[in-house]
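Same chain, two partners: subunit A is paired with subunit B first, then with subunit C.
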Partner chain A sequence: MLTIRLVEDELQRLCLTGEASDLHFSKGQEAISVGVCSELRSTDYIVVHHRTISPAIARGLPMNPLMAEILGKATGINKGLAGEMHIRSPELRFMFAFQLVGTCASVAAGLAWAVKYYKKEDDIVAVFLGDAATSNAQFHEGMNLAAVRKVPLLVVVEDNHLAGNVRPEFYLPAPIEKRFESYGMSATKADGNKVDKVMEAARACTEEVRAKGSPSALILDTTRLSWHKQGQRDVRSRAELDLLAERDPLLYEERRQGIDAALKSKLTETIEREIAGAVEFARASPIPKMAWMES
Partner chain B sequence: MTWKHSSVVPKTPLSAAQHAHQESTRSEAHSTVPSPALMLRLYRNMVRIRAFESAVLENARKGASLAIHPYTGEEAVSTGVCSVLRTQDKVVTNHRPFGHFISKGGSMNELMAELYGKGNGVCRGLGGEMNLSEPKIGFLMSDMIVGACITIATGAALKEKMDRTKNAVVCFFGEAASANGAFHEGLMMASLWGLPILYVCENNGYSTNTPAHEFLSNEIVAPRAAGYGIRTTVVDGTDVIGVRQRTEEAVWRIRHGRGPCFVEAIVKRIGPHKQELVDSRSEAERRLARMRDPVKMFKAQLMGEAILTEAVDSRMQAEVKGEVERAMRFAEKGARLTSEQAQRFVYAG
Partner chain C sequence: MTEPKTWNPTINRNHLIRDAIGLGIYDCMKADPSVYLFGEGASMKMHFDCPAIEKEFPERIVTLPISEDGNTNFAVGASLVGVKPVVDVITSDFLFRTMDGICNTAPKVNFVTETVEEERTVVIRSENITFGLTTGQRLESLFTHIPGLRVIYPSNPRDARGLMRTALRHPGVTLFFEDRMIADADTRPEEAEDSGRDISFGKAAVVHRGDKLTVVSYALTLQRARKVIEADDGLDGCELIDLRSLYPLDMGAIRKSVRKTGRLLVIEPDITHSGVGAEILAEIAESPDVEMSTRPQRSGAPMSMIPASHFLHRDLIPTEEKIKMVIQERLN
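After this line comes the complex of A and B, so read on.
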């Protein structure tokens, strides 16, 4: 979680200098990626939304190529062509990332179908999406088919109560869990800012999905502490953000594990050295050159 | 039409107390007991739809090139629902529009001519069955794309709300349309904006020849609508009085600005999906559908209560038969548009 936070902080600085484009950060939502990914097997599949940095690091994508990818360099995971919102690493079964809100749901349902009925593995697919994505038609079609075809899909809803800068009363008419119930899926709710609670809930859900081979939903209440994306100012007041900052998942984890300032600064130092190395690596890398780019 | 943004502000989520109030007013009866005269009118309308379709199907079998989706077995739904509506209320329907069109007060003559592609048809023979539109009776359109009518109707309801009318919009669709994303987005927006719309789901258990359990995770659609915070009712779609009463309640709420409602009518389709398609259902299942024939059932009920007698019924049948025959002659008299004439109605390209 600290790594994710520090990487994002560093990237935010790079955004301001113009080295990185406007990125979507997960500040405040790190506990979800970390908690859920820690409960998945290395052979399970992941499909994510447009906030890719956090799940990518939680999944264990190597730092140097990841940084190079985000900065659009040829040494990146996808040769610098995918950028932040299309990162994929099939070797780590980090299958797809989608910038179109809600698209990930239907693609993940199809992937889960392939895993169960075509590859006949007992792996599951975890899809991360936001609460706003549940208002999208693709979500509906994906969930309906996942439930009808009984595919091993774990739907992780990062409920940050925002769609860009829009509040839920403009896009959610009723609680999300009611909707999952209407597809005949079970929905578990947990505090998404407490990593131990996330892990506990994710463990139960992944076991259920694996045992039954049918979809299940995990709705994690969380807080977005960053802007929707760099370069799009937040409409929330300072006071509101301060209130939300008290729910910072890092603070909770530090208190829970009893990490003191000394240990934290030591950890920070190690991680920052790694990040600095990754940034250097990315800076030294060439920009992608493809034959088709010339024409 | 002016855009008044304030008229589409989202409703704030209901508090627990408001929910409790809504629940307590659930049984609030805004339905009336239909008079014998009204019951006979309902029956007559069902007979008209059935007679119209039988005539069209017979002609299709004789070789007339007609593409139709028969409504046989579902007559009670459109009859019950439309009997509550006023002319200025709007209807948007799916690919199975005969019943809805006739129930909304459409002309049988022009409908028949439209099916035959004649210039004296509803849309001058250019629309056919699946692109009907008759704004003067509030029949906005039928749409052949499954699910598409839901978002279109929702847009029509937004217009009614922005114009601050008391009109209701009714959208008819089948249960298969609820597997479509348009269902999700349409109902979501209607609920968020509190639009004056009644969704009527005619659940006949089949998408063409695919049984509902193969494409819907639960075979009843109503819980989905409830998931968007929309008030829902499930009703036996072969019971015309029941459909009418549930619709009356729903339309009362809609006219009083209480937001969208959802009525799910469980029906059996007696005919095949389309006249030339093979029906893959077993004979036993088709027999079951025939046993739930709404026209026959309603007739038996009316006879039992001595509202209808055999003499009155046979007179009515003869009148309706005459009406259908007149429609057939009307269609035969019409001429197809020439391509120059048809060009006049091409608005784009």
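After this line comes the complex of A and C, so read on.
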């Protein structure tokens, strides 16, 4: 979680200098990526929304090609052509990421169908999406397909109570779990800012999905402490953000594990050195090439 | 030249191309266990159109709900672990419903996939039959503007089968159209037989040789133009080219023909505005090595919605009479 936080902090600095374009951060939501990914097998699949940095690191994408990808260089995991929002690493079964909110749901349903009925494996698919995505037709069509076809899909809802800069009163008329119930799916709720609680809930849910081979939802209440994206100002007041910051998953984990200031600064130093190395690697890398550049 | 006043599938039997598409899929299913069918009413459709698939591969037919966009995205998701899906979107108008899957998901997944491994194979099929405001809209030109899509439109059963095999045997995303307004009687007997060969994309066919006027067309208007040219000795100088593949376009074949004839006429069933014909005319105009003796011309559908009244359908897409008139104009 600390690595994710520090990578995003560094990328935010690079956004301000123009080295990175406007990125979508998961500050405050890191415990969800880390907690859920830690409960998945290395052979399970994941499909994610547009905030990819956190799940990518949680899934174990190596730092250098990840940084190079985000900074648009040819040494990136997808040769700098996919960028922050469309990272794909089949080796790590990090299958795809979607900028268009909701699409990940129907694609993940199809992937889970193929894992079960075509590959005939007992691996599962975890799809990460926001609470706002549950208003999209692709979410509903995807859930309908997943339920009708009985596919091993874990739907992880990062419930940050925001659609970009828009509050739930504009998109959510009833509790999210009702949406899953209408597809005959069970929905578990947990505090998404407490990594131990996320792990506990994710363990139960992954076991259920794997055992039954049918879809289930995990709704994790969380707080987005960053803007929707760098470069788009937040509607929330400083006071509101300060209040949310009290639920910072890093603070909770530091207290839970008894990490003191000295240890934290030692960890930070080590991670920051790795990040600086990755940034240098990206800076030294060539820009991508495409066929049309020669014409 | 006796066309019914309206195009009625009950009196114009039209199963040869449909059956050939089914058999093209069947050929690939036999050879490749990763080929699957997805779509609304998929089982029922195979029951009627390709009993061989229904009989031999029932487990590879996935009947899905009326959720076109979800269905396409679902199939693309399945392709991520190696399934080669043929998604049946049925009537072309539903393509608008699944633009996200066809334009945002499938080609983009493939673009990124290409950076880490081999591209995925996804086929989306759809059909055209002029019927009403939201039934049978010709949308093929629209999709030729989207990078990462191969847009295929056969005019006869032999090509349909060979092109479908190519779509499934060569990685990439293919939008495969079926013209339900080509009647079985429009097809020459030899065109109904399978050649056994796959047909490369971006490879046009010269249907009739001539040296006075290059006529380029595809699908329904190709068959109408062929009948017109073959029925009248006076039009024998036409060289008729069947595009078959709208993207990639076989500009090489068109340039070669126009260099010989010096004249170009594109006849298309789609709306001419910003259409395939416009692209061909522009490419020819930009070709430094092609001399034209007369101005090139297009003939196609007007910028109009499809009215409900079937009395108006006849003149929406160039008829044989209209095609004959335009060809004669260009020849003189």
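Note that the second predicted complex is superposed on the first by the 295 of 295 C-alpha atoms of A that agree within 3 Å, B and C clash if a C-alpha of one lies under 4 Å from a C-alpha of the other, contacts with A are read in each partner's own complex, and residues count from 1 in each chain.
The criterion applied here is as follows: a residue touches a chain if its C-beta (ideal position, glycine included) is under 8 Å from a C-beta of that chain, and two chains touch if they have at least 3 such contacts.
Quantities reported herein were computed from a predicted structural model and do not represent experimental measurements.
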Taking the superposition as given, does A:E141 touch the first partner, subunit B, the second, subunit C, both, or neither? both
With the two structures laid over each other on chain A, which partner does A:F96 touch: subunit B (first), subunit C (second), both, or neither? second
If you stack the two complexes on chain A, which partner ends up touching A:G110: first (subunit B), second (subunit C), both, or neither? second
Which of the two, subunit B or subunit C, is in touch with more residues of subunit A? C
Is A:K79 touching the first partner subunit B, the second partner subunit C, both, or neither of them? second
Quick check on the superposed pair: does A:R203 touch subunit B, subunit C, both, or neither? Answer first, second, both or neither. neither
Touch test for A:R236: subunit B only (first), subunit C only (second), both, or neither? neither
Answer with first, second, both or neither: which of subunit B and subunit C does A:P173 touch in the superposed model? first
Going by the contact definition given at the top, which residues of subunit A touch subunit B in one complex and subunit C in the other? 137-138, 140-141, 144-145, 148
List the residues on subunit A that touch subunit B in their complex, please. 135-141, 143-145, 147-148, 169-174, 178-179, 181-185
Subunit A to subunit C touching residues, read off their complex: 45, 47, 77-79, 81-82, 86-91, 95-96, 98, 100, 103, 106-115, 118-119, 137-138, 140-142, 144-145, 148-149
Per the touch rule, the subunit B residues reaching subunit A in their complex are 10-13, 179-185, 188, 191-192, 213-218, 223-224, 226-230
Which part of subunit C faces subunit A closely enough to touch in the complex? 34, 36, 62, 64-65, 67, 69-71, 73-83, 100-101, 104-105, 108-109, 111-113, 115-117
